[in-house]
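Following this line, the structures themselves.
Each of the two complexes below includes chain A, the first together with chain B, the second together with chain C.
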Partner chain A sequence: MRPGLGVAAVALATLVFLVLPIVIVVIMSFSSAASLQFPPPGFSLRWYHSFFGDPRWVRALTTSTLLAFASSIIALVLGSAAAYGIVRGRFPGRGLIDSNFMAPLILPTIVIAVALYLFLAKVGLLGTAAGLVASHVVLSVPFVVLVVGVAIRSFDERIEQVAFTLGASRRQTVLRVLLPNILPSLASAWILALIASFDEVIVTLFVAGTYQTVPKRMFNELVLEVNPTITAIATILIGLSVLAIGAIGLITARRGGLLGTMLGR
Partner chain B sequence: MGAIEFDGVGKRYGAVHAVHDLSVAVAEGEFVTILGPSGSGKTTILSLVAGLVPPTAGRILIAGRDVTNLEPQERRIGLVFQSYALFPHLSVHGNVAFPLAVRGRPRDEIGTKVAAALARVRLAGLDRRRPAQLSGGQQQRVALARAFVFEPDILLLDEPLGALDRKLREEVQVELKALQRDLGITTLLVTHDQEEALSLSDRVIVLDHGRMQQVGTPDEVYRHPANRFVAGFLGLANLLEGTVEAGGVLRLASGEAVACDPRGRPPGARAAGVVRPERMRLLPESAGEGLAARVRQTVYLGHLQRWHLETADGRELVAAATDGVRAAAVGEAVRVAWSAEDVWLLPDESGEAAAPRPALAAMAPVA
Partner chain C sequence: MRLRAGVAIYVVPLLVLMLVAFDVPIVLMLAQSVLSPHPTVAHWAELADSPIYLRVLGNTFQVATITAVVCGLIGYPLAYWMRGLRPGMQLVVVTLVLLPFWISILVRTYAWIVVLGNNGIVNRSLMGLGFTDRPVAFLYNQLGVTIGTTNVLLPFLVLPLFAAMLKIDERLLQAAATLGAPRRAIFWRVFFPLSLPAFAAGLVLVFILTLGFYVTPAILGGGRVPMIANMLDVLINTLPRWELAAAISTVLLAATLALYAVYRTIAARAA
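Presenting the complex of A and B:
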């Protein structure tokens, strides 16, 4: 049965609704007007100059980038180790631990933000770089556990067992057999963790103290005044996201896309 | 090189006995097959020897060394799975070199040994290929080379020919047997294929429901099965139940007398005799010997012709002969006869319906 005209219209409307705001933001970021107006009276790069010319924005961008790299790499290492234990381990309570790692995906972010705020205050890490990185690790680790867990689960355990019988230690088996075979999933997981950290605003607002990340600054700026510089930043963020998704698509293309990888193809 | 010894080995999963009180020894250099239907526990036994799962009872010795609590790495075994479990990211050379590389052997030694192993399985020249670029038979030989290149004490093969098509399987069987003999390596193979078990092994262990039913040479287990299960699992078997009478006669329920060797059974004892189909002779109706029967179905197998018969009292029998020996059409009345020495009285059973499996399983069901 072919979908009717009505279905097609709804699909088109949804697509327009999703894409149109993004398109408008991108167009407006190249506006020459001093205030937000659409359509723009002319085009210029003034808002990009305004962004990169402002040391506070550049500092925020540097902080965001460092934070994203630090937290995503830590999340990748810890999350992959956790995924291996959850999938291959034979201890009781694995399901519980698995759910615990997934919790940040399901719980409202504001709840996690409050919880992290109280906890970090208690241990004296509130407003510190270490506390901020740890918070972002908590938020990005579910993506790693999910993607890497599925990759390990779909890798035939007998191949690892054969490696054991051939004399390889568990460490040798993980490094020489498992990791090379799940490299694409590791890369996807890392990129997802990177984006999760780079986009994050709610938890950062609670725990970052005086640290300014790009999303946090955007949020604070919007509270004070509507400055078109925001559209330039938004366009940069959109560009980065598109690049990241494209990269994941390329990495996992052979396996039927990220969704296919996550569903064990 | 060494022997394998099972000493009261058991494996329980909750209330289920996957392997129950297994005590048997495999001699050095011997090729032993564990034969059983799926779910009989044969793969569990292999996993126990490999150290992939711990036993819940008993000890396992390899080359006189108690390995029960050793890790797989310390057991010096070469393992081949049915799925081959090759390392997908490594070349043929990388796969075969793996056990030597993880032991930190020098590069030139690895090169020499890998080349020799690949030549031994006729894969020389393919060492740059990835497993995905090989045929099933080639992958199987890579897995084999990888399993013996580091000179393990024993070789464990889990249905290694199961994924190959029939013609290739027969070729590989011959090669595998020759390889095993050349290497002189103690080998334990697991299969559900009775032909494979009979053709490859020095001895066969027949397994059912986690219990060893019989251990013996291929002709022992085929010709002198220990019980109905073994008789039925190793090919078609005609089961004749009756009462032993003086003078080497088994009196069937239908009244006919069957000549047999009573093997010490006193007259009056109930007994079950097994006759293999190829020992049954098909005679014309006018013949003066044998049981009267009617041909119910004929099965043509090329090298063999099989007749499914029904006797007057409704018992099913199967006779087989080389193609062209005799023809009998469906519905034809015939007589079927056999020699006394071709009747094997099952030693373990009284002939009552004592077997855990229904007698039909051994009564030559029409496949």
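Presenting the complex of A and C:
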């Protein structure tokens, strides 16, 4: 059964509604005008110059990058180990522990932000790098547990058993048999965690103290005024996201793809 | 089996981190609304007695309802249309729907200021075509918040719905057609009921996610559309009234978990 013309019209309009804002931001970032006039009167790179020429933005970019790398690597290591324990283990409470690891995805981020703020203030870690990194790990680790968990589940356990029977230690079994086979999923999980941390704004606003990240600065500027420099940053962030999707697409292309996994096909 | 013995150890490092940096903070926050500075229900009484808090709660539920309905009205036709496309086109459209999914909420919210602002493309077109003399106020009101929230949350409804529609057996529709059912009847009496569980699950999911929204109302509402999350920000960072913030967070947490249970039940039926 094929949908009629009316449905197609609504569908196309909805698709435009989804994608149009992104396209327009990218175009506006190359505008030569200080107002948000569309179409732009001329093209220039002035907003990119104004971004990279402003030490506060560059510092925020450095902080965001360091924070994203630190927290995503911790999330990848801890989350992958946990995924292995949950998928291969047969101990009581596994389901509960798994739900616990997934909870940060389901609870409203603002509730987590309030809870972490109150807690970090109580233990004196509010506004510290340690508190910030720990918060970002909590928020990005569900993606790792989810993606790596799926990969381990679909890897035939008997291959691990063979290695084990042939005298490999568990360490060797995990590091030299399992890990090389799920490398694409590990890479995807790491990229997801990296993006989750790099884009995080709400918890960062609450617990970062004097640390400035790119999203935090963007948010604070946007609440006050509309500054075209933001279009340049937004375009850079869009570019990074597209690169990340492309990378994940390439990495997982051979295995049915992340799209396939997400759509359950 | 020896390979499986002792695997539990691998869970421990993350479990310890989650206990310290997630579970304990959440429990302490819940406790703070009734135990600070000593066991009391005063904070909850204040919450129940203050019309302003109840109004913000009501406002949040209203925005969440409107957003879910709008997402349903435009998301269902999109998913239905995607189902009828050739597989190659399907991949392109799925990628387009997924694209905003990956881009920072901040960027997508900001984009609407560019598009819908007084000097934005929509207002310029409307004025250029002579529909209006003055710019239409799309932003800094409930309309702006609804547009922004719908844009951010639409993929959460469309993608699972599309996946569920793909699983509907084409032969059921053919059977209805062979038996003489007109197109309209085939859709409303065969196709739509089959897609309903996934559709309902998507609507509940959008509703839940809107409840906790912070960034979009803060930017596109211009402080004029207070939602729960923005009120929490004020209670923590401006006033500060931590115990009240803890009580309101508890309400939001309970509402989310209850709705999530509903979502899981419906989604399980859809699968």
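The rule we apply is simple: the second predicted complex is superposed on the first by the 258 of 265 C-alpha atoms of A that agree within 3 Å, B and C clash if a C-alpha of one lies under 4 Å from a C-alpha of the other, contacts with A are read in each partner's own complex, and residues count from 1 in each chain.
The criterion applied here is as follows: a residue touches a chain if its C-beta (ideal position, glycine included) is under 8 Å from a C-beta of that chain, and two chains touch if they have at least 3 such contacts.
Because the structure is a prediction, the values reported are computed rather than measured.
Chemist: First (chain B), second (chain C), both or neither: which does A:68 touch?
Modeler: A:68 contacts neither chain B nor chain C.
Chemist: Is A:208 in contact with chain B, with chain C, with both, or with neither (first, second, both, neither)?
Modeler: Neither chain B nor chain C is touched by A:208.
Chemist: Per the contact definition in the header, classify A:232: touching chain B only (first), chain C only (second), both, or neither.
Modeler: So A:232 meets neither chain B nor chain C here.
Chemist: Thinking of the overlay built on chain A, is A:158 touched by chain B (first), by chain C (second), by both, or by neither?
Modeler: The first partner, chain B, only.
Chemist: Tell me which of chain B and chain C touches more residues of chain A.
Modeler: Result: the larger residue contact count on chain A belongs to C.
Chemist: Touching chain B in one complex and chain C in the other: list those residues of chain A.
Modeler: After superposing on chain A, chain A residues 161, 164 contact both chain B and chain C.
Chemist: Along chain C, where are the residues that touch chain A in the complex?
Modeler: My answer: residues 1-4, 6-15, 17-18, 20-26, 28-29, 32, 74-75, 77-78, 80-84, 91, 93-100, 102-115, 117, 119-121, 124, 151, 154-155, 159, 162-163, 166, 170, 173, 177, 183, 186-187, 191, 211-212, 214-215, 218-219, 228-229, 232-233, 236-237, 242, 245-246, 249, 252-253, 256, 260.
Chemist: So in the complex, which bits of chain B are touching chain A?
Modeler: So the residues of chain B touching chain A come out as 50-52, 71-73, 75, 77-79, 81, 83, 85-89, 98-99, 102-103, 146-147, 150, 156.
Chemist: Which residues, counting only chain A, touch chain C once they are in their complex?
Modeler: Within the complex, chain A contacts chain C at residues 1-4, 7-8, 10-15, 17-22, 24-25, 28, 35-39, 78-79, 81-82, 84-86, 88-91, 97, 100-101, 103-104, 106-120, 122, 134-135, 137-138, 141, 145, 160-161, 164, 170, 173, 195, 199, 201-202, 205-206, 215, 218-219, 222-223, 226, 230-231, 234, 237-238, 241-242, 244-245, 259, 262-265.
Chemist: Spell out the part of chain A that touches chain B in their complex, as residue ranges.
Modeler: So the residues of chain A in touch with chain B come to 156, 158-159, 161-169, 172, 176-177, 180-181.
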